[in-house]
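See structure below.
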Amino acid sequence: MNQWIYFLDLCGTSVFAIAGVLAAGKYRMDPFGVIVLAFVTAIGGGSMRDALIGATPVFWIRDPNYIIVILATVIMCLILVRKPHRIPTYALPIADALGLAVFTVIGAEKALSLGLSSMVAVVMGSITAVGGGVIRDLLCRQIPMVLRIEIYATASIVGGICYTLSIIVGMDSMTSVLFAMFSTLIIRLSAIRWHLSLPAFDLKTKRI
Amino acid sequence: MNQWIYFLDLCGTSVFAIAGVLAAGKYRMDPFGVIVLAFVTAIGGGSMRDALIGATPVFWIRDPNYIIVILATVIMCLILVRKPHRIPTYALPIADALGLAVFTVIGAEKALSLGLSSMVAVVMGSITAVGGGVIRDLLCRQIPMVLRIEIYATASIVGGICYTLSIIVGMDSMTSVLFAMFSTLIIRLSAIRWHLSLPAFDLKTKRI
Amino acid sequence: MNQWIYFLDLCGTSVFAIAGVLAAGKYRMDPFGVIVLAFVTAIGGGSMRDALIGATPVFWIRDPNYIIVILATVIMCLILVRKPHRIPTYALPIADALGLAVFTVIGAEKALSLGLSSMVAVVMGSITAVGGGVIRDLLCRQIPMVLRIEIYATASIVGGICYTLSIIVGMDSMTSVLFAMFSTLIIRLSAIRWHLSLPAFDLKTKRI
């Protein structure tokens, strides 16, 4: 089980690093900006979580695999993607949705495994999932996606509640993880597909 | 005594959460943005303080009452305040001044209780008091109020110095707390009343 | 040796505080804004590093000399520099380059002394060196210099790699420190002298 969550965590890290690279491409950053945004998006949320709960040194310092996965992802992206503007516009939100689902579960699981309360577990799931994106958006001088798009963080909160409840009622780990990830993905992808977040983008058009 | 400071802390948390909700209303955020800004304003400064001094897990993780107070405050605000633009414009700075006074004392008291130096206690009082507002303003893409309005953080620093000195000269806790809060409030409210911060707003008008 | 690195650290702190004061002057901040930017620039990166590796209370809480050095630097600057707009425009980047070199070595050295891996040491060198400037730029609502100017953080990364490799091959501490600082300074100052960062400034002109 732990092996399996660990593998998911590395996948989520890679997916969020891609989201960071895509953001860097969108804002025409230089190669170093790409690496910074990939790192920040991928490990920013988890670092915030670990610093808040006192699980220091934070996860990616204790386990070099995270740094390696991010660097490998960035290099792969820079080789495969020569023309950032040709990436379809829906690629960034979908990569983001996948990372959102995985990191929500990882964050909630870590809080519960440390004996913290269910409420804190839900908060930690959200911080892990949206924290990196918030820092990335701040660095790009954007109002964080999480404040613009209601269904974004809501999906993470619902996923965290699903995971915590599943564990409380005694569901086994793998089912809980899949159930929570599925809930998060369905909500977030529905929001993307049917433009449930359009009003928030309207705010952006008018005011920034 | 501790009970009393704890009660003040919860009041300050609620007041700062209201300041966060008012800011969210001002920038027309969606419901989730309201919750995020309430949380960030209320516990951002204290979380920074605890992360810096190593008092982890940070206070609101160990004590679920803070999360409950913030959620209750947000729900109450969303019920009572249907039309955010009808809130009088002075409500936000006054709520902020009250939180500023309480959190300055809480932060300085926590540093002193951990045996840290007086100078660090003053800094921690300020971080606790202004940290949440700084993060809130960053998330709203505003230049932080603390950098625009001189008398804002200055009030917190004076309050921290008053508290630390009172403790050093052997004043009892409650008197020290009241004396420090009173100093902070007088300075900050005078600055609001007589527009002592006008030049800083001028800077804003010209440059942003 | 440790005495010597400690002295360098205090010098770097002072130099970065000056960089913060110059930034505050550039954006016409009030006296308190000057102090905040000096503090944030000088100890922001190291605080992030210590919070991430769990070396809490962070360095400037345990050692009051850092606060004293920053306050003394700010007072000195405010006395000597009455007219911020008369500071030559190259003063800020050169002060920044010196701080960059010192803090890179300090960060990498701290990580290695705690037994962390070489890869983490390079990352910690960069976080220590560029973290404070990133927070300062965020507070000034600028896209962080580190994302605009490729050669900036690259210089820190190269310096961190030089230091880590020097230690691994068994070079003595002082030689390693000087070698790493020299590499960082040469790269950064060359970038400033021959405007190797011009394209990044172009991005800024076009888009912000």
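Letters A, B and C mark the chains as written, and numbering starts fresh at 1 in each.
Basically, a residue touches a chain if its C-beta (ideal position, glycine included) is under 8 Å from a C-beta of that chain, and two chains touch if they have at least 3 such contacts.
What you see is a predicted model, and the numbers here were worked out from it, not measured in a lab.
**Q** How many degrees of rotation bring the Cα atoms of chain A onto the matching Cα atoms of chain C, given to the nearest 5?
**A** The rotation relating chain A to chain C comes to 120 degrees.
**Q** Pick same or different for copies chain A and chain B, depending on whether their interface residues overlap by over half.
**A** different
**Q** Distance-wise, how many Å sit between the C-alpha centres of chain A and chain B, to the nearest whole number?
**A** 29
**Q** Give me the residues of chain B that touch two or more other chains.
**A** Answer for chain B, listing residues that touch two or more other chains: 51, 54, 56, 138, 141.
**Q** List the residues on chain A that touch chain B in their complex, please.
**A** Per the touch definition, chain A meets chain B at residues 51-54, 56, 116-117, 119-120, 123, 134, 138, 141, 143-144, 146-148, 150, 152-154, 199-200, 203, 207-208.
**Q** Can you name the residues of chain A that touch chain C in the complex?
**A** 27-33, 36-37, 47, 51, 54, 56-58, 61, 64, 67, 138-141
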